[in-house]
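Each in structure tokens, the structures are laid out below.
Presented sequentially are two complexes of chain A, the first with chain B as partner and the second with chain C.
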Partner chain A sequence: MSTDEKTTASYEKITYRNAKKHFYLRVRLELQDTRVLNAVEMHCLVTKALKELHGDTGAALLCDLIHFDSPSRTGILRVCCSGLVRVWSALTMLSTFRGQPCAVRILQVSPFLLSLSGDSRSWTPPEPTASECQN
Partner chain B sequence: MVRLKNRYVLCVVRGGDLALRALSPSAVHKTLSHTLQAQHGVYGQARCLIGMTVFYVNMKTGVVIVRVRKDSLSLLSSALPFVSNVGYPPNRVPCHLQTLHVGGSIRSCQKFLIEYHRKTLQSQLAACVTNEERQRVRAAITSTCFSIGPDKDVDADLDLGSD
Partner chain C sequence: MLPLTEFPGFQLVCEKSNFSHEKTKHQEQIKKHYFNFRVQLFIPECGRLPKEMSHLLSQLPPYYLVRGLPLTALLQEDFIERFVRRGSVCALSYDTRIDQDDSFALLPPGSLLLSLQKDTYETLGLQGKPSVYAGRKPLHYVVNIDLTSPTFKSGKKNYERVIWALGENLSLKFNVLVAGKGSRGMDHSLAEFLAPFGGHPVLPEFSTQTVLPQSCPTLHSNQLAGQDMVGCGAIELFDWLGAVTAGISCSNPPDGYPSSLGCPEPNENIQQGFLLNLTGLITPETVLELLQQVRNFFSEPKFAPWAALTVHGFADVPVAWERGEHGFHKGGENLYTFIVFVDGSYWLLRATGTQDACL
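Presenting the complex of A and B:
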């Protein structure tokens, strides 16, 4: 057995396409006023956006708001794999909420919920201590 | 070289004489547009309306031929069962659309339509009570058959003489 065959046998890359049933989206709603939103209103907003852009078939998509943080207006949506593009486009095209201009920012998209636990963009490294600065 | 492919959807409006009177190409187009927006939203409506034309409307038989782009056929065919009325708002008439045939050319739709009327002619004639009604049905069916060859006699094919 040659050296090349050994290396190819020791390394194998397996790719699963559409192996996951759901996708998770971390979204943030941007509004001008400072009123407090709850999860029900946020879910209604997502359903309204879907119905506006994709009609009844879009509103019938499986889309769950599994977590919502009211102060930061950030939530995690779980959508079925086939409806990801439609949900994403509907949220992007959403522009009004109760007559006021609004916007939905898609912060993270991943098929793994654990991936949404950390975000390198919002991560702030800890301040180095005095001993570390001396070293 | 890019070739745009179309599909021709052949449907029949079911809803009685009132629905047939309200039929017009613009009324059918508006009804389809409303139904598409309700079912598939603004995106689906805009995508399907590109290249969509109500090609043929027959007020006597209720036959409607709609031309759509090939990639928008699924949007239209899924929205057609949800059509519940036709016409403009003051004179909306409840009806529904029955899809009979989807063809790649007008010729195939016309050929299917001729066969369809040949099959349904006997039942329509059987429903007629007076001789005048029978004559009207016969004239309507004959006018709907677009082009029959000169050597072909419709009445002979359909065996209408004995009725």
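Presenting the complex of A and C:
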């Protein structure tokens, strides 16, 4: 067996505890206004919420909107771990956007972006079709 | 009051081994993660479903969905004898939140775990223990009933007490997902058993999509932790896989506003990628078969240097891995990813949230 093969076959284990820099939040904006919102407007709304509740230090938090789906007004925010509570609280307390009542629903929170693509809480099992019911 | 900079704890366990290694534990790791909600397969430099997979996907065993199933139905001697003692059935309540509602899970080889709120537990009249995550004043309890115990038979005191508690006393009913072992004859009889309760078979849903050209982390199978300018580590790859499955393009250099998310360094451009999503109550046996097909995929020369098989567990389960209690605190994530390399080696990445035991 060559040296490379030995290295390949060897076992190694690394455990990371609280060793990530970011948390991810999947959020949905609820707004009476039906016009289409883009990612930049959504990001402005998050910054505004942070500034309203936590002042300039809140507004200075690095909070990325890494994904935004305009039709459903659902997006994914990336925030540093130490800023999670501030972003979460700011979004929860936000009640108006451009003079209209609004609410931000926090759908899922995780340190792993990968886990946001597998949310079993929002999954509904398929209903049986009419033919299956007859059978 | 907690400081504003606090955040919930989490853990990512990364392991590197080889499928031909005499002490490899990949099968054990898959078998002890019982309740799988979604399986995702990502293969870089691959544009369509490999033929090895398409046959398997057309032969997937169904799982069963029963609304308002009385819990005593799963305690009938006939069910225990046919499906628990001689078979391998797992069942899970759904539409129940583990941190707010009562829920249950039946896991092989025959443990019925009830995860109960304080009021239900005190009315039930069965002995349990406080949840390990409950703190000093527990509001949540776990009751474990061993269905395979020799004393768990009609006429025995233990059995009659459980039937009384779950039937006459509280009459607990749940919406339930049930999956069988996968052998054809047994599936059929499971359908027959559940039919009077309104149970019907459901096939796992699957969807495929082609991933657009983008940057992809460079990996070396022998560098689990990564090395500067040589290869990315498992922890960087894990986040990048999350971006790909969520449909986020990691451009390099990042756009900057409103997102500064970029692909980890070093990376290389891929022309396309293939993503498969499989959703339902997916048994560990199906995951094992899928992993085998991924390994078979690399038996012939391919452009893809590796493939990633990710398995998401249900967030609201009393047990995620083996016998360790699972809870929901901010999130209930329990997922694992196999990175399968061409040379037969693999990385196994297991991620959990605050309330989980992932050893």
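General remarks:
In this section, the second predicted complex is superposed on the first by the 108 of 135 C-alpha atoms of A that agree within 3 Å, B and C clash if a C-alpha of one lies under 4 Å from a C-alpha of the other, contacts with A are read in each partner's own complex, and residues count from 1 in each chain.
By definition in this document, contacts are C-beta pairs under 8 Å (C-beta built on N, C-alpha and C of every residue); 3 or more make two chains touch, one makes a residue touch a chain.
Here the structure is a predicted model, which means the values were calculated and not measured.
When the two complexes are overlaid on their common chain A, residue A:L84 makes contact with chain C while staying clear of chain B. Residue contacts after overlaying the shared chain place A:L116 against chain C, while chain B stays out of touching range.
By the document's definition of touching, neither partner reaches A:R73: not chain B, not chain C. In the superposed model, A:D56 lies in contact with chain B only, and not with chain C. Once the two structures are superposed, chain B and chain C can be ranked by residues of chain A touched, with C on top. Common to the chain B-facing and chain C-facing surfaces of chain A is no residue whatsoever. On the side of chain A, the complex with chain B involves touching residues 50-58, 89. The touching residues of chain A, counted against chain C in their complex, run 4, 7-20, 22-24, 39-40, 42-43, 62, 64-68, 76, 78, 81-86, 108-121, 123, 125-126, 128, 132-133. Residues of chain B that touch chain A in their complex: 36-45, 78.
Per the touch definition, chain C reaches chain A in the complex via residues 2, 4-18, 20-21, 23, 37-38, 40, 65, 94, 97, 177, 200-202, 205, 221-222, 224-225, 234-235, 238-239, 241-243, 245-248, 257-261, 279-280, 310, 312-316, 330-333, 335, 337, 343-345, 351, 353.
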